[in-house]
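Here you go, one structure.
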Amino acid sequence: MSDSKLITLSQAAEIVRDGALITFSGFTIWRRPCAFVFELIRQRKRNLHVIEVNSGPHSEFLIGAGCVSVWESSWIGHEIYGKFGANLSRKIKGKEIIYEDYTHAEMGMRFLAASAGMPFMAVQTALGTDIHNPAYDMLALAGLRDGSNPKIPRKKYDTINDPFFSGAEQILVPAAKVDIAVICAQKAGTDGTVRIEGQFFTDPEIARAADVTIVLAEEVVPEEYLRRDPRLNTIPAFVVDYVVECPYGAHPTGMAGFYEPDGDFIRNFYMQTRTQEGFDEFAREWIHRTTHNGYLERLGSGRLIGLRASRTLGFSAKVGKG
Amino acid sequence: MSDSKLITLSQAAEIVRDGALITFSGFTIWRRPCAFVFELIRQRKRNLHVIEVNSGPHSEFLIGAGCVSVWESSWIGHEIYGKFGANLSRKIKGKEIIYEDYTHAEMGMRFLAASAGMPFMAVQTALGTDIHNPAYDMLALAGLRDGSNPKIPRKKYDTINDPFFSGAEQILVPAAKVDIAVICAQKAGTDGTVRIEGQFFTDPEIARAADVTIVLAEEVVPEEYLRRDPRLNTIPAFVVDYVVECPYGAHPTGMAGFYEPDGDFIRNFYMQTRTQEGFDEFAREWIHRTTHNGYLERLGSGRLIGLRASRTLGFSAKVGKG
Amino acid sequence: MMESSARKVNKRGYTLADLMTVAASREVRDGEIVFAGTGIPMLAIMLAQKTHAPHLKLIFESGTFDSHPVALPTSVGDPRCETASSRSSGLCEAFFLAQRGYIDLGFLTGAEMDEYGNVNTTVIGDYLDPELRLTGGGGNPDINSFARRTVYIMVHEPRRFVQSVSYITIPGWRVKKWPSGQCVHRRELYGGAFRGGPSAVISTAGVFRFDVETGRMYLDTFHPGHTPEQIAGLCMFNLDIGRVRGETPPPSADELYLIHEVLDRDELFVPRSAD
Amino acid sequence: MMESSARKVNKRGYTLADLMTVAASREVRDGEIVFAGTGIPMLAIMLAQKTHAPHLKLIFESGTFDSHPVALPTSVGDPRCETASSRSSGLCEAFFLAQRGYIDLGFLTGAEMDEYGNVNTTVIGDYLDPELRLTGGGGNPDINSFARRTVYIMVHEPRRFVQSVSYITIPGWRVKKWPSGQCVHRRELYGGAFRGGPSAVISTAGVFRFDVETGRMYLDTFHPGHTPEQIAGLCMFNLDIGRVRGETPPPSADELYLIHEVLDRDELFVPRSAD
């Protein structure tokens, strides 16, 4: 059974059906499964419902390429390399995409709920904001909350008065149920055990929340090695369905202990893709008619070496803008 | 600020007021703060409301000594060293204690809710059992759910129909809010960072759930040492209020990597304390008119050496019945 | 639990404890995720792992997932549970996984069971005025609620196979709907959270299963030395013996070797035979 | 954000960015638990840690607690956030701690704010038909909701200090009560979860605070080169300048040294002066 989880990047992307609810690992410009997203674009996936704690370059790639019909998250941007998500912004202005806003804490608790088999979780955040404006339930306005997709909740949120203590109104946020979670991590064992180095963000939760969990690992290592110290592992093997060995799978986002975000690449992408024409040009140059290996060759060894993280520090002592 | 968290065992026990809601680390016969409990008994605490995921020898000590007026948990026993909690059993039969039953998952989620500032969490466990029998809300029968103690919920549980997906009835379990959590761990830093080795059970949750968190550590080590690998630490320093260096603080329960449970001690305790007279005799011999150091001297070096865990294995290769 | 009879070896060269351990291990299917309690259940799972189910994944509610213990743990909090596991954490994560539906099989021991597989581990007598307070539920109600199947190990005495338990600690196939307490089929109460229920009972007399529709227990196989009629007489309810398949298959030499020479050399749970 | 003016050094030998960083750092009290965003907020916190607040505890929502970075992180997902932290984990645990009430102070940047401290980082124009979609809320609404105090860093332009924000992303002192959208005091809406709200705004023109009862912003100090009246003219609402205390205190030589020679040598967030 050990080897059966190992598949190729293109096989992994083929698992994603058009219209799937999909989520991705990482946080803003760190550990986002960009190589997988490029392959989704090559395979011309359509009508994806992207749902994630926050969005970064990977989401902008997918949205710019027209693969996404619903964006459900709390934030999109490129940190210091780009002020906002220019592709999402353009598609929203053009009414080409459905958007739904939550907060980080709400999205985190939504994935935790889904990962724990709970239909909802109670939070007391963002009270009094337009995030809770009942007129802004965008999936409802789009007619997507009719129960025809059992993973889409019937409401954006609900309220309940705490029956146990204060009686105060609580916000109930619905479980973020997803078809597929794609996780980009430093190490995976041959049976699927995942060891994430650095902050693990919401990756343990999204892994359990999904029906199918796919891991892109910088290194696939013998399972026995990871099992010598199970307290350092992040996701148990049986939660992972497929493993792809994919070095630099997060580029241009960063991978703690392996490489920094490629700030120049992200900034250029942000500047270039303020228009759809710019995006299409970017896609022709970096995504279409190539493979992940071709992409890495195009980047060149010198560039990759320049992004290297120190194995002592976990980050580069040279790249200031990590 | 570093040193101010270090106090003595007797100072730590003095923090516990009569009537406090208190919880303890560990799981059945592992990492229970027995030295602290013995000190509570010496200080003749009264009317404690013990609330914990499950109970073991430490709870039996406290209950047998008459310090506990409410026991709220899911299980009590000594694993293979004693079939049930003879002291709790006797006090229940004599109507000397209030008892409230949940399940492990319910208690775990109750502490998680309290630790996350949530008033409740939804579970779908133990449906159809007498654990949810409305006639068995024992704290309500005892008049303790009138809101006069703001940490005691107004109901044992509540139900709600899932508004988002199935519409199915959910059990809402209330946050387990506590005044004091006492945690027995392998290592604590001088600023309070806790590193638990082996399974951490529900200790991160109880630490955050409590207003005051006290840690008994086998070893207090320089904070810098623990901060070299923050991913191995279990509880952040600022969650911990006080640290007591207390070798063998969990005896007769076990401490992964340090010592096995003292099966003979626990079995003798269980057999001896089937009666109150037996308990009182046990207390005279092992608890009263002594100190933790006196207790360890009475046990003797040979006995402690015999319980030693291998530093390679994390458990004893000799003590079979660990 | 079986100290009185466990050392009695029968003419075939194995004890009742051996037979029960092996019968329990055969309930595990390869690749399944199994939530283990301690005692014979853990021994049975480890036996299955070494025989027909090498890819089973062993989960302990204390927080270790997919363990491969080299020394037999005697409780789930034991660091022996952590050995070669895929991840070690805590109780909440174990129940997140369980409630999310990852668990195929739970293995429990029961003190008192009714014909629908409802189990009482809380109290002898009235909950409000008990004759004897027992341990309580612990994780047992959870494991049973979340798993697709639950297997019980039990001592067979009439006082343990009762018409009706005085307190339902662990839910069976027909349970109480609150607030009325009306008895309903488990599927009706659990709704979308329904995954299954008690699937087998390995007692000191035989192996029992449940009719999922009626929720009633029936005799599947009887241990050597017992007859279906005699076993029916050991139950306080009307046991269905019409579906019995024959004798419980005996342990193999390989299984006996693994139990006594590999897994439980210290006789923590299964004593060697007396002769 | 302050690229146009940041390099202009005044006659006192420091830039506006220096002044703002120092003013922000002075909002931190020793021993506080501070939830940090990136940019000037992080720099200000690290400056406080090296000056008057050595025991502050720095939390990042990505999951590191009580960090002591040796290299300046440029985003909260950066492994530089993990250095010498007490614990490294994930987002859920960070918000468990925050919602539980562990956070004293949050540090944020804002694009558009009204007189009650409500902030919009989501959209320019109508949410349902936007002129320009911005980043959205991220963790900012959470940090502000859970912390006792929140300090904002902002560029001072009339279009950013508005009468009413088009979308409340981060709650201020008077917020909307749903479903009606009626404007109520934050304390009324948050009830038992009320801990505080926006406590200061450090803009390119001055330092502002809020009257907790009325929820309205007032000018506390003005930066050198500004007057209260001129600052009032830079706000689209009626700014209370009656409580002004004087000029914003200047950075010390020690603070300037720490900013430029220790914390931000690479000028990631605060450029050196042009001369």
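The chains carry the letters A, B, C and D, assigned in the order they are written, with residues numbered from 1 in each.
As a convention for this text, a contact is a pair of C-beta atoms (placed from the backbone, for glycine too) under 8 Å apart; a residue touches a chain by one contact, two chains touch by 3 or more.
Quick caveat, the model's predicted, so the values are computed rather than measured.
Looking at the partners of chain C and chain D together, the chains they share are A, B. Simply put, of A-D and B-D, more C-beta pairs touch at A-D.
The mean-CA centres of chain A and chain D are about 27 angstrom from one another, to the nearest whole unit. Each chain gets one centre point, the mean of its Cα atoms, and the points for chain A and chain C are 41 Å apart. Among the residues of chain B, those in touch with two or more other chains are 112, 117-118, 123-124, 165-166, 168, 197, 204, 231. Shared interface positions of chain D, defined as residues touching 2 or more other chains, are 64, 82, 88-89, 95, 98-99, 146, 193.
Pairwise chain contacts present here: A-B, A-C, A-D, B-C, B-D [touch as defined]. Within the complex formed with chain B, the residues of chain C that make contact are 38-39, 60-64, 71, 73-82, 88-92, 95, 98-99, 118, 122, 127-128, 130-142, 145-146, 167-171, 175-179, 181, 184, 186, 189-193, 266, 268.
Those residues of chain D whose C-beta lies close enough to touch chain B in the complex are 31, 33, 55, 57, 64-66, 68, 82, 84-89, 93, 95-102, 146, 193. For chain A in complex with chain C, the touching residues are 1, 112, 114-118, 189, 191-193, 204, 208, 224, 226-228, 230-231, 233-239.
Residue ranges of chain A in contact with chain D, taken from their complex: 26-31, 53-54, 73-77, 79-80, 83-85, 88-89, 92-93, 99, 101-106, 108-109, 112, 123-136, 165-166, 168-169, 197-205, 254, 256-257, 309, 313-315, 317, 320-322.
The touching residues of chain A, counted against chain B in their complex, run 113, 117-124, 150, 153-155, 158, 160, 162-166, 168, 170, 172, 174-175, 177, 197, 231-232.
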